[in-house]
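Below, chain A partners chain B and then partners chain C, in two separate complexes.
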Partner chain A sequence: MSQALAPRRESEFGYTQRLRGWLGNHWGKPRFLVLVTWSYIVWSIVPVLVAIQFSFNDSRSLSSWHGFTLKWYTSTNPNIDSVFHSAELRGALEQSMKLAGLDVLIATPIGVLLALGLARWRGRGSGASNFLMLFPLVTPEIVAGVSLLLLFSQLLTFVPFGTVAQLLGHVTFSISYVVVIVRGRLFSIGPSYEEAAADLGAAPATRLTRVLLPLLLPAIVASAAIVFAISIDDFVISQWLSNGANSTTVPMEIYDATRATPQPSTDGIATVIMVITLLSVVAGVLVYRFFTRGESGRGSAIDDVAGFGI
Partner chain B sequence: MAGGEVEVVDLVKMFNEVTAVDGINLQMPAGEFFSMLGPSGCGKTTTLRMIAGFEQPTSGQILLDGRNMAFTPPHKRNVNMVFQNYALFPHLNVFDNIAFGLRRDKRPKAEIRRRVGEALELVQLTGMEKRKPGQMSGGQQQRVALARALVLQPAVLLLDEPLGALDAKLRKTLQIELKELQQQVGITFIYVTHDQEEALTMSDRIAVMSAGRVEQVGPPQHLYEEPTTTFVADFLGVSNLMTATARGESNGRCKVSLGEFALYAANGDVSTTGETRIVIRPERVRLEAHGTSGENRIPGMVERVVYLGNGNQIIVGLAHGERIQALVQNTGDELAYRQGDPVQAYMPAEALRVLTDTGTAPLEDDPRARPAVRPVEPIAEEASTPNVNV
Partner chain C sequence: MYPRWLWPLTALPGVVWLLLLFLLPLYAVLGVAFGNVDPVLLQPIPAWNPADWNTSWFTHVLGQLVPGNAFWDVFVRTCEYVGLSLAGCILIGYPVAYFVARHASRTKSLLLILLVLPFWISYLMRMLAWINLLSPGGYGLRFLSATGISSVLFHLGVISDPSNYLGGQSFTVILGLIYGYIPYFILPLYASLDRIDRSHLEAARDLGASPFRAFWHVTVPLSKTGLLGGAVLITLPMFGDYYTPNIVSGAPTTSMIGNQIDLYFHGGPQPTIGAAITILLSAFLMILMLYYMRTIHRASREIPA
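Then we have the complex of A and B:
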């Protein structure tokens, strides 16, 4: 009896109603949300994938596919500006890596020390300084770039434009990321480990080296990875503080090349830089996860900040 | 290991404008299992943290074997602490956790190995040296925390609600183990808890604290049988607190009147007069058939019978308007009373106690610490079964 009734009941609904039911069934899967999410992912990733694809195109065309080649990366033919052999592209890659590497080496230790200091500092000014620490994260980069340009051209004229000025600029905004990540970790580990170490007879310096730094290590590694990634990606500040000739970074090179004569090797260097960024961030997150495995599932700072930083 | 004697003199701790500890005095003789018991916010943990050295007293002294330690930093005090969340170093394995203090003390390698081995044996964790804290159960972590503190042979061991995170059954087992351990090592244990049962089970003496002050100090039995304040009576176990008017003493007994009824109370502040509070434990209230005559009896009606397994909690509405509860042991016989039956509540004079103060109401901010049933207050009809934490 009930079997006979079932199909008749289904036909009571029209197609539109059934589609609505499929998308927004209160008791079913949230299909509408899934649809929106995947639409966004496709929208944001497909153009990048297309750009990557054409860096392997066996033609100068960036619109029609002529078969696979690696020549835009590895060719030594002087007529082809390959990523690894063209003086400009290679120079840009080296400049970017140099800036990012030095940035990590300088900004990470300073950021860690600042985070430790800010976490300890109680009293007048501590709230304001904690808030102002976020300022470089929200200042428009163009503003930060112009202000540094004015600073180095009017006031601190002994700072030469090019690598030194660019590095100072990168370090300036990188420190904030380190502070935010490390401070988050400091708050999540709380004061009890340090107290336990003190209770067991550890002097303040020993507490720092034996307990605090090992516990902060994942956050330090993660913030170093993120600093590397954002430094590699940076365009605005590098552009403002360059001296034109030999301080061109990859993003600057891509910008110039695309405006002049876009060719597959531009896509190629973009691909290289993207892979490096991705690897450094993935490595950072993996290292963080590795070191914090087995800890109870409290929300880790990296999960919040990784999304913010990249 | 020799136990240390701890004395706290006029200890005050203020956080900005808030007084957390309000001038307390405590003596803890060497080798004693001493508990500080009270609801959260009563100052017990702050006191413990001052003894450990994590907080600096606003004023007062902390004497360890007669020497004032108030200005000694924590890493130079001969006391060790077991933290509420254990605070085991997650990046170190069990061996390195326990060896941490010995290494800071620059002991030779062989001695460290031997003493860590002994400590592990003491807490029955031999063979777990290579484990990381994250790979252990809560109970095991708790033992590692104990071993890490005890391996340094402190004069005093401080314990900040160390069983708080464990489930009820494990907690019971560890209570007994902790007490045995304390007797074995013979050092002073200062134990902080909000769990009155835990304090009663393990302690040699208990200080009941409220709002930064010590309400009463004494052995468990003394506190349970002879509470002096309303707070202590209410906080420890289940109490029937009743408001009464004291009419004066005769033959060592205080005549009190509740409405038109008169009772004699033989304990507590029997010489008081005027408005006062009297208390009787539920297990001391005897229910008799309606119409039984004699002194210290008030007629009433059974309002509710709650089956507890090992007994029945019977809530009786007394004729003068207050409610009390009686605890009747489960002897296997069928209970003689049902809801609505008229009964006579017999409260023997030797079980009735006149309390000194009528003031300090128990703090209500911590539901865990609050005694579950307050029979003197009207029980709402839709309230669920009252649970008894005795």
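Then we have the complex of A and C:
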């Protein structure tokens, strides 16, 4: 509180002097930066809050407020495309959840194994493999979409468009995230625990399952949460590899609605997917914290959260 | 400690997956772009053997990329949008990242959560939010006209119609791009600003540098890697973006390179041309990447981390 009161005393001075006060006092609290930062935060969050608000609007309008209702979520009236009862929106929710769940189940094990291999394999081809792993992270999504579309339409034509193609695409662009997170953890734990276990007579298989795996578990959980969130939010790959109405995901549904006439239920389905994403990330952070409790040399919970962003 | 064959073996599934579903698809793009086109159905006939490659479609697209042709206008417009959005991200993002890294003390945790939050809200939902705000009668539109911002923008010629932000306004597309990508810019910048050792600044001040001089000659060079990293992180996807202009504008007058590619595959008749544009775009972005990696390499030699 004392810091909050301190700058107020400066208002006794004139404006120019106060301006000098900011610049002169390098370690003080610069109000200009406070203003920019909080304005930015309001600007970045409030539009989303407004979208959430209008998913509860008792009207078809997305701009004028007519009171609170849950009908855009739960109504069974066939004239109202509610999130949980309209075949289209419900189908999109199910498709998004199905893709994200399967993506986690496939990309996480492949990514963990690849991270182990890339961190410890020092032979021919390891450098090239490392390079290959990093490339999907910097490839613009449209290039990824075009290339997979042409692969499945010209070369591997036995792969059907729709769920299968979408899943293959999602996994391809999730593996690298798993590798980056798990490899970071591998480097920070180092080889000493496994060396100690070896000195005490543990067989290689025991070292892997009883020493390395428990130590890697937080990173595995974190990467699974991130893969889930990335897959749920993905629009471009899902769109390029879809086969029409049967494989529409929530982001595709939102896109199509914004190009036609968005309704409060569009805001509603976006809100549902946002809540699911946030819950998965929070669960990931909590599990990560639980498994790494008592470890020294790591940052605060906030660093973990910030790390989740990158 | 472990058998030699173990680690190449664990890497195998991932490497095979990426070879088949990342590298091979890129080759498929080359095969289509340098292939032929069925004269009746206009469907691509890909050429898989590089000896059979036909460069006529590629040179056709390249020929469109000179001043005076339609594709040149799209390319210039894309560069303008990306450049202005990047400038906007730096102008807004640098003060924010600087404040959170240097000055926020008790509120730092809260601020970081709020900065990370947009990462976990679907990009499409964040664009949809602006449709809510800027559609007729929306909160944002009312705010802009009540504060007089709309008429100022109108008189400056930034927007052509103060009541219609969603009908082909470049301003709205740039606003959408900044809004969409700025979180990805701020976080790496924050990380590099947060790592700066304060004693460097204290030394500069002790040696008589003014606060501004100390900022310009110490903080800015030390945050260069984060600044460039954030810029590359948002520039690459912005060059390939097609959904932002489609959602907040939808007009051909605001179409970007990504929209052209989208058009040639979805709706337009010729995937061959779309594939050729994709290759040009990738090559252009590759040059950007190489420039970035060279700069980072130099910076890491000049300033010991």
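Assume the second predicted complex is superposed on the first by the 266 of 310 C-alpha atoms of A that agree within 3 Å, B and C clash if a C-alpha of one lies under 4 Å from a C-alpha of the other, contacts with A are read in each partner's own complex, and residues count from 1 in each chain.
Please note the rule applied: a contact is a pair of C-beta atoms (placed from the backbone, for glycine too) under 8 Å apart; a residue touches a chain by one contact, two chains touch by 3 or more.
A quick note: this is a predicted structure, and the numbers were derived from the prediction, not measured.
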Touching partner for A:T206 - first (chain B), second (chain C), both, neither: first
Chain B versus chain C, judged by how many residues of chain A each one touches: C
Partner chain(s) touched by A:L132 [first = chain B, second = chain C, both, neither]: second
Touching partner for A:V34 - first (chain B), second (chain C), both, neither: second
Which superposed partner A:A270 touches (first chain B, second chain C, both, neither): second
First, second, both or neither for A:G284, with chain B first and chain C second: neither
Partner chain(s) touched by A:Y193 [first = chain B, second = chain C, both, neither]: first
Touched partner set for A:G184, first chain B, second chain C, both or neither: neither
Touching partner for A:L215 - first (chain B), second (chain C), both, neither: first
Footprint overlap on chain A, where chain B in one structure and chain C in the other make contact: 195, 198
Complex interface listing, chain C residues touching chain A: 1-3, 6-15, 17-19, 21-26, 28-29, 31-32, 44, 46, 48, 92, 95-96, 98-100, 103-106, 108-109, 111-133, 135-141, 179, 182-183, 187-188, 190-191, 201, 205, 211-212, 214, 232, 236-237, 239-243, 246-247, 250, 258, 261-262, 265, 271, 274-275, 278, 281-282, 285, 289
Parts of chain B lying in touch with chain A, wherever the complex brings them together: 52-54, 73-76, 79-81, 83, 85, 87-91, 100-101, 104-105, 132-135, 148-149, 152
Of all residues in chain A, those that touch chain B in their complex: 192-193, 195-203, 206, 210-211, 214-215, 217, 291, 293-295
Complex contacts: residues of chain A adjacent to chain C: 3, 23-24, 26, 29-30, 32-34, 36-37, 40-41, 43-45, 47-48, 50-51, 54, 61-64, 110-111, 113-114, 116-118, 120-121, 123, 125-126, 129, 132-133, 135-136, 138-144, 146-151, 154-155, 168-169, 171-172, 175, 179, 191, 194-195, 198, 204, 207, 229, 232-233, 235-236, 240, 250-251, 254-255, 257-259, 262, 266-267, 270-271, 273-274, 277-278, 281, 300-302, 305-306, 308-310
